[in-house]
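Next up, some structures in structure tokens.
The same subunit A turns up in both complexes below, where it pairs with subunit B and then with subunit C.
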Partner chain A sequence: MFKFILKRIGIAIPTLLILIIFSFTLMHSAPGGPFTSERKLPEQVLANIEAKYGLDQPYYKQLTNYVVGIVTKGDFGPSFRYKDRSVNDVIAQGFPVTLKYGIWSFIVAVSVGVSLGIVAAINHNSVFDYLAVGFTIGAQVLPNFVMAPILVIIFTLWLGWLPGGGWNGGQWQYLIMPVIALSTSYMASIARIMRSSMLEVLNSNFIRTAKAKGLSNRQIIFKHALKPALLPVISYLGPTFVLMITGSVVIDIYFSTGGIGREFVNAALNRDYSVIMGITILMGILTITFNMVVDILYAWIDPKIRY
Partner chain B sequence: MMVIGSKKITQMAQNMANYEQGKSHSLWVDARRRFFKNKAALISLIVLTLIVIFSFGAPYVTPWSNEEIDWSILGSINEKGMPSIASKHYFGTDDLGRDLFARVAQGTQISLMVGFVGAFIAVIVGTLYGAVAGYFGGRIDSVMMRIVDILMSIPYMFVLILLLVVFGRSIIMLFVGLGLISWLDMSRIVRGQTMVIKNKEFIEAAIAGGSNHLTIITRHIIPNLLGIVIVYASLLVPLMILTESFISFLGLGVQEPNTSWGALISDGAKTVLYERLWQLFIPLAFFVAGLFSFFFIGDGLRDALDPKDR
Partner chain C sequence: MKSITKILTAVLIGSTFLVAPVLAAKVPAGTNLTADQTFTYRVGDEHSSVDPQIVEDVSGSELVRDLFEGLLNQDALGNLIPGVAESWEASNGNQTYTFKLRKDAKWSNGDAVTANDFVYAWQRLADPETASAYAWYMEIMSLENAKAIIAGEKEPSELGVSAPDDYTLVVNLTAPLPYFAAMTTHASTFPSPQKVIEEFGNEWTRPENIVSNGAYVLTEHVPNERSVRERNTMYWNDAETVINKVTALVINEESTALTRYLAGELDRTEIPAGEYPRLKKEYPDQAISFPRLCSYYYSFNVSDSGPEAFKDERVRQALSYALDRNVVTEQVLKGGQFPAFTFTPGTTANFDAPDVAFGQITQAERDAKAKELMVEAGYGADNPLKFELLYNTNEDHKKVATVAAQMWKQKLGIEATLVNQEWKVFLEVRGKQDFDLARGGWCGDYNEASTFLDLMTTPSGYNDGKYSNAELDKLMTDAKTADDPSANYTRVEEIMAEEMPIIPVYHYTGVYMMSEGIIGSWPVKNVEQNWYSRDLYKVE
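The block that comes next holds the complex of A and B.
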């Protein structure tokens, strides 16, 4: 197990480095520097600005400075657009918001999805099962950017129950729509995976043995069937996490929640390279770490997996 | 009793004889028969055909183009911009007074094109990559697949946006970006299938016959992968459309005056609180109908081409 964890970390670190080098090289090779604009700056001013941000140094030097800054101090450098803000400021401001509704969405998607899948599988071919399957099919075409306006139409425009946007320190009224919009389609995917794997497990021999021994349904499901049936769901958690992080951009834009996504899109529209890169790398770190944890968890639950 | 039995046997023998006289069923004929038996897939195919006809035929039906602004209704879109036959804005207008009918038609073309081009790149790159990795195996395979693993664990949407920012937001760049990420899953699937195929006797025969690696891969392995590649590509089209819509929703994808389903939904979503719901629901209806059709067609193809998978 220990060796497996080491091996897994051994993959994660180069992946991260590749991501950093790739983004940095992309940024570096962009046509026109970050300070080229319609109004041409005087030569000397441009040279001074570039010297201030270290852009006059050779490529490899800039790259090593950047990597060393991230690794040793967690410093993503200054923003190229706002003189008084560093990338770390931008992240520190938006990230807690993203994290809050992101974690809620993840919890809702996993818990509701798993329960829905289990109940549908136990009541196979019942009305409930058909409803659940219908939901999982329908939710395929309801990504977050479709859910968000529909929720606003229903809960703000027609019913007037919830505010149409804003954050307000993360009060529950402001949290509901972002969480539903972000979690629905992944909830459906998790429910579909859970249902089919539960059905498969319930038809296997060891469950028949458990039934023959006269165990109650509750014992069979929770003590024997649940753990093996959860395995495919766990391997789906990594992708879900990535997609949710990505989806948070839409939530921030549409609900004006003030998370990191709004900054990301603004930076993309303003060509504020260092902010885009900083957020991309932060998301990369999160994703890669999360995938690693999921893999280790998977190997821990399923001893057959050794790769 | 005996008589009935012998009658049955005679008939069965006759059936068998007739069957052998009849045309032999190739894989593709069989698959087509199975596909057309699948009602959901068939209806989806019809819906999709109608959508395509609409997107190319709309310019002949409406006097408005997708760029023209109808100045007479600007400023009073809530009252006059509604979908109506009288004003010839069959789907109403958008916020700037442009005809939504023409815009939806144009956006549909772009979205479908993005879907097909993305899937096409995935088919070409993913199939070759996966087939090479699976065929050679060993160290080549593990290096190639490790690269895929690494690429897959990167939050690609952010990298895609980074690409769009650095090289400018254009539809070509969008295709390149989508192409860069779309082939990863395909290559894994193809690799797995190749590893099964390469141990079959006919490959051994090809080797014995003196074919080189390139010929074996392109002439013997890839044709046998076609079924699974088609199935997966058909499921990839809606995913590409979803990705493009996501990026266009953020305003980073298709740029004005061109549009796409995602951009139209984004425009409509911004105006829901002004009660111009048609601006959201009409593009959304096309988006939902289109994606559903693709998913059901993909499912139908899977059942048709890969029946053992069920």
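The block that comes next holds the complex of A and C.
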């Protein structure tokens, strides 16, 4: 196992490097630059600004300087758009916000989704099963950019229970709607995967054997069926978790949460090169890490898998 | 991004050296102020900075105008009034300006605001080290040596600004500028605290470090969420400031912001396109629309890379005539916008809008004329005109482009294909004349017609369609030195109505929801919308 982790880390480093080179090239080839604006800057002024940010140097040099800065100093550079903040500041400010509502959404999505899936599978073809299936299909097709404004209209405008947006350090009142809007469709997917995989497991031979042995339903489900039924859910959860904690543009836009999702899109639109790179690398690291975590979990749950 | 430059601000004012009475919020007698003097408003995006020499966007400048105070301010009508400078005087044929500063102006840490703070700030603006996007402002202010300093050929200390004593600021110019004083209302000329900047570097603008000399101090800043400014008790006119706390909330979506406004979380927000009539009916005391110094237009690419058809004046005229502006303003945007037949908005100071012929006839007559012109130019059912209409990705631009293309199709059988591009790509493509017909929008940098009409001159970097007319160029050049340039501007508009290098579509309005408490003190008549929170107040 230890060897496996080492090997994965060994692969991760070149992967990240390729990611950096690829994104850096792609970004620089996009038309327009960080200082393109409707009011064109006089040449000399533009030259001064480009010199300050090192944009006057040849492409390969910018790239190597960038990588060297990260490796030696952990410095992702200054933001081109927000003059008093570095990329590290931007991430340090936005990522905890995203992490907070992302983790809460994950917890809600997994706990509700898994429970709903299990209950629906156990009560296969009952009214509850149909209701659960109906609910999950509805929740899956309702996009969060539709749901977010509806939630605001109901809870803020009509009922007046919750603030219509903002973050305020992540107090619970500000957390509820973002979490509902972000978690619902994931929860529905988890419930559906859980339900079908549970049904499959419940129909397998070893469960039949367990039943024949006279085990109680509870014992069958929690001791024998749950673990194998969770496998497909877990492979879904790895990338989902990364998606949830690296931010949702929709949540940030509709609830003005100030998370990193909106920051990422803004950076791309503003051609804020260093911020784009910083967030891309962060997402790359998280994706690689959680894929590895999923693989380890797999080995732990499924005795057939060994590394 | 809209620029924040104001170069002239009514040329008239520059020659007035009288000291007007200064009042912050002019609360009329008998006004019932509420106990809650807070003002919360929506901004669409996070501001770029609150550093006066660095800021480059509108919402950032709004903050800077509250946090810092320059030599002069604008009143509710856009007139020039004293700020840190109590009086000023031009000499040496408008090439030397002497400002006398008030002695009671203080920084928020209690230090006196002196002329040296301005000298420092202006040198800092020009210094290539600062790399300010507004460094060129020193150049158009014609300060001695500004150009050479920006180019790195001279030291910032050689800039034509000096402080013979703590309360006198002397500025030396390379050209006579009668309107120089008005240029000092621009945020980039505001003073900055040298000690604090040297101590904290780039981080000096953070709430825990910042020291400012305006009516407010920055007390909280959560990037992409909110910034809060509160009364600066050290401000020399704090006694007459009414609003205690101003909060700017970053809300990207206009519709979300409107919902939050209706839920009582905001005092001011923009009204999304098309919603004004409904809101005006439901909330007559809160929905408001007032003229802005901005124009919306389409540029023909008449350069070599443009379509052959657009080199024909008749085709350009036909397209302009057939576009029913009333449909755009009354049925698409519905926010009180004004149909445009000239590039310069009619509300611009000292601008005598010509009664251009095509604006005087009915739409039916224009349509008939357009059809004739197209036939004359050789286009018809068997030879339809085809081109691409380029705009930057945005719902409202799409709506306008769609109705325009429809009108051209129905009336003239023209096949216009809509093409949209993301903002920075759009700017690049338009700047390289890689288009047929492209959307344009322009807000005046200052309240004078040349801020618009200079765009149409041959050397202008903003003349994206590469239109060129020698008479027009001469008129604009002459206007710079004319005693009264308004006749030149009128003539330029007449030429444009004839040759139609652009299709003026409409003049913008500011369309807002404003809470009943604040709406009465809002400076709706300041067409540049330079507002200061210290002039606002909230009534019962």
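Brief remarks on what is shown
Convention: the second predicted complex is superposed on the first by the 266 of 307 C-alpha atoms of A that agree within 3 Å, B and C clash if a C-alpha of one lies under 4 Å from a C-alpha of the other, contacts with A are read in each partner's own complex, and residues count from 1 in each chain.
Rule of thumb we're sticking to: a contact is a pair of C-beta atoms (placed from the backbone, for glycine too) under 8 Å apart; a residue touches a chain by one contact, two chains touch by 3 or more.
Just so you know, these numbers come straight off a predicted model, no measurement behind them.
Using the contact criterion defined above for the overlaid structures, shared-chain residue A:Arg271 touches subunit B and also reaches subunit C.
Of the two partner chains placed by the overlay, only subunit B lies in contact with A:Ile11; subunit C stays clear of it. When the shared chain is aligned, subunit B comes close enough to touch A:Thr287, but subunit C does not.
In the superposition on chain A, A:Phe128 contacts neither subunit B nor subunit C. Once the two complexes are laid over each other on the shared chain, residue contacts for A:Met27 go to subunit B alone; subunit C is not touched. Legend: residue contacts after superposition of the two complexes on their common chain; A:Val141 is shown touching subunit B, with no touch to subunit C. In the superposition on chain A, contact is made by A:Leu157 with both subunit B and subunit C. Using the contact criterion defined above for the overlaid structures, shared-chain residue A:Pro149 touches subunit B and also reaches subunit C. Once the two complexes are laid over each other on the shared chain, residue contacts for A:Ile253 go to subunit B and to subunit C alike. On subunit A, the surface patch touched by subunit B in one complex and by subunit C in the other comprises residues 30-31, 149, 152-153, 156-157, 164, 253-254, 269, 271. Residues of subunit A touching subunit C in their complex: 30-33, 35-42, 44-45, 48-49, 51-53, 78, 81-85, 90, 93-94, 149, 152-153, 156-157, 160, 163-167, 252-254, 256-258, 262-263, 266, 269-271. By the touch rule above, subunit B contacts subunit A in their complex via residues 146, 149-150, 153-155, 157-159, 161-167, 242, 245-246, 249-252, 262, 265-266, 268-269, 272-273, 275, 277, 280, 284, 287-288, 291-292, 295. Those residues of subunit A that touch subunit B in the complex are listed here as 11, 14-15, 18-19, 22-23, 26-27, 29-31, 137, 140-141, 143, 145-146, 148-149, 152-153, 156-157, 164, 238, 242, 245-246, 249-250, 253-254, 264-265, 268-269, 271, 273, 276-277, 279-280, 283-284, 287-288, 291.
Across the complex, subunit A is touched by residues 1-3, 5, 45-46, 48-49, 51, 54, 128-129, 131-133, 135-136, 139, 147, 150-152, 202-206, 222-226, 249-253, 255-256, 259-260, 262-263, 265, 422-425, 427-429, 431, 461-462 of subunit C.
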